[in-house]
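Chain lettering (A, B and C) follows the sequence in which the chains are written, and residue indices restart at 1 in each chain.
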């Protein structure tokens, strides 16, 4: 009986100890996790203020080049050569991000997307002459992303030349705020790839655009936005200017080989296109777009976003003052 | 069959403990229900008060400034604690509440501005305290109807609110910030033009701009003449004064008349076709005054009675129609 | 006095208290109105609410600290909450008593046998907790079956309206709730199951009971059977927990109803601190069962989301609701916001909003008395888990310190031109504009050349209060509808 009591007593003490430990554990956990203000519980949104500056030092007289010719591979190559060659822009071992306009799942020939020839040529230049470590191609298209890259021929061009396509996956977006920005506040953008690369080259085609007048290199940065970005079309000029403030590219390429004169920015038929056979490269996206406007038979002053960008000293609409370098490539 | 079991004392003890616990819980809940949930009180407040807006916001002074301490609130019971002897002026003029807050510059904390935000209930009251304290040499602010600044302070009234901003030093930059803060309050109050029906009663012809004034006591040396609004007019090369008060005691008219005569005034024929009117010549200063159920008003100036008569008539006509 | 008598008193007390605390959820200061009644106390005492939200949010909302008292008492005493407090359990016990009172002792002993299947509740608990813990698809569904939110919801949106709509004492107008039939179905099923087996819900389903069953294994005081036992098995006769006191007592199932103390004629059962080898302290869980439950939990949420779930962001939530993701981690579907809402505009979602959103709050401006009242922030203050966070009036209206942030937007009204009287039929009507409560108005009028006034909405000024939607004279669905876009909800 006493033995049994002893066992029972020992057992009870063990149990009481365990109960005590449990009580202590729950109390400690409660104290650790307790929070009275629900706002402090919410994960703090990590907001990124802008991107880094991808631009290269200016070289007098080598800010913009205009090359005429029908073959994009040759004209873009020549245009970059005039500015000092790709090795001015891409240093050995650097990573380069090409940002074409891949907005639509349509074939390249209708001119709604950047031409694959330009992608492959710039990729080639980056690898062969720039000794780039890696070239990426990225856009957040309007239509289904994978289809857009496939149908525009850019996937094939990238695969051929060794560039890697970055699809706009959910986890690449981060909320970005532009200082003093009105629209770009805590807005999801393709921040992660932009953070990783050393240089950014924007590649756009000259397109008529119902809302903004013209879609060129500045409007091209729209493809970095995520979220319900179509709301921004209400204030299209502001968003274009804010994007151009946010992104300081290494180089922009504006393709005016076939200019989409009507039904932009989707086009749909080769009859929307006008053959102008011009390729523009430049470090000043405002100047490049100002020249691009003339291809659409518009003056730079008729595009409010260009005027505002100039006021903000993002560039100049007086492209002639930059003394663009001209050249012609015969087929 | 339960009765067969002998009553177990342990069970009784536990039962008593349980019942005691229930009683304690019931009492605690009964106690708790008297302490109203915060938002219940908030909602009751919202229902009872028309608008308890907060104008002294943290961002009142814009970037670069922050409140150095919380907003202090004063009512008629403790106004003395903040402004001491000056409280009487406010209390006799319909004072409702005072909020104060000190804003300091982030970069150098010794640069600060303290805002006094008085709710006077009615624009007339706000005007009374505004005009009584107005420095005659002060520069009027061009962005508001009633406001002026001196080198280290800004004084403005918006509707029923009277605002004073005192600065830590005579500093132009600080003064600018204070003015911007004043503008922010102005837009938050959204009073626009201060609507004072009493001021509309004054004839506008020949009115000297910015001459509105409020005299709370001992107007023109008469202890019975209180809380009057005055305004100056240019008639020819002379300046005359028009005064007006509402809800003055009925005997004010008689008392003022007696006061003038006692001090050597002589009654004149006023020649006006209005009731309850008197004219007195006090050593060359002519007084024409008059009362209705609602107003006690008058015109005075060191000029011929002919010069006073048109404006007096205009004023008297206007208020007798009221 | 016997413990069972005290227990019955306690059960009646807490059942009455819960109902009373639901009754007083009317804004006001009369004794039967909100005053300072601790209307959330049961939900705050509920450790399952606390643990499940801690699992999903990794934090514990301070008012839920009350549950620590329940946890500590359970660790020390056992499942007293089930036996003495739980109002839902009390209801089941009473219904079971009525259903089975004519049975003989033999029949009663037979139906009160322990059976392994009753451990299914532990698996249910596990499924819900794992689903709540999953990253990225975090979704708290415990409120579906946790008895306190379940019963609170039932009283709030089913029983009280039924009772009060007869006399309209608490509310001047009838309170109506959209998915009440579904709540009724669940309530009836769980109540009627007691006719098959007493306290069916408690025995097989209750995840809160399961949680207590896991917590009480070290309890200091426990029911013990001693050597005086004659093996008559009478102690099983009215055992509410099916813990078989006549055999090896399943401690995890014992909910301290203390009936065995009464039913034993030989003084062989006692409530004491003794240790005994006739007690099994942990529940009978099989490894296979736990694994299966774990898998089910892992799969449940993604599957739930796939089943007819439109984008949850499309639901108009009450003002102050957290971002949808954070909201989903907290809402326990208790219906407190729907009960307190003075205009009855907060309504439970049906399954058309996706299974995971069942019974979560949404704004149904066509129901209730008048959209979302401007000077009211009741729902955020009452929410026991802060899925709707408390707002001050100045924050809701965007005044004072919140002037630069502007008012809280619940959504944005849009006009359906195909239904709107002036737009579609050329009939004069600007009721929406007249009733728009914001100043300056968010609905303005443009007059056509023929003199017809057409309403337009200024989406920047609209706060989504839904008063226009409520007042729109078009029958059936309103011609002006609050959509969730533009809503102010904490971004993350």
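Methods note: a contact is a pair of C-beta atoms (placed from the backbone, for glycine too) under 8 Å apart; a residue touches a chain by one contact, two chains touch by 3 or more.
All of these numbers come straight from a predicted model, not from anything done at the bench.
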What pair of chains has the most C-beta pairs in contact? B-C
At the largest C-alpha centroid distance from subunit C we find chain B
Distance from the mean Cα position of subunit C to that of subunit B, given in whole angstrom: 52
Using CA atom averages as chain centres, what separation in Å is found between subunit A and subunit C? 46
Centroid distance [mean C-alpha coordinates] between subunit B and subunit A, Å: 58
For subunit B, which residues are shared contacts with two or more other chains? none
Do you know which subunit C residues sit against two or more other chains? 390
Applying the document's contact rule, which stretches of subunit A touch subunit C when the two form their complex? 7-8, 11-12, 15-16, 18-19, 22-23, 26-27, 29-30, 33-36, 38-39, 41-45, 175, 186
Using the touch rule from the top, collect the residues of subunit C that touch subunit B in their complex. 1-3, 5-7, 9-10, 13, 17, 24, 27-29, 31, 34-38, 41, 84, 261-262, 265, 267, 271, 375-378, 380-381, 390, 392-394, 399-401, 403-404
Footprint of subunit C on subunit B - complex, ascending: 1-2, 4-5, 8, 10-12, 14-16, 18-19, 22, 25-26, 29, 32-40, 42-44, 46-47, 53-55, 57-59, 188
If you look only at subunit C, which of its residues touch subunit A in the complex? 50, 54, 57-63, 65, 68, 71-72, 75-76, 215, 218-220, 273-276, 322-323, 326, 386, 389-390, 490-492
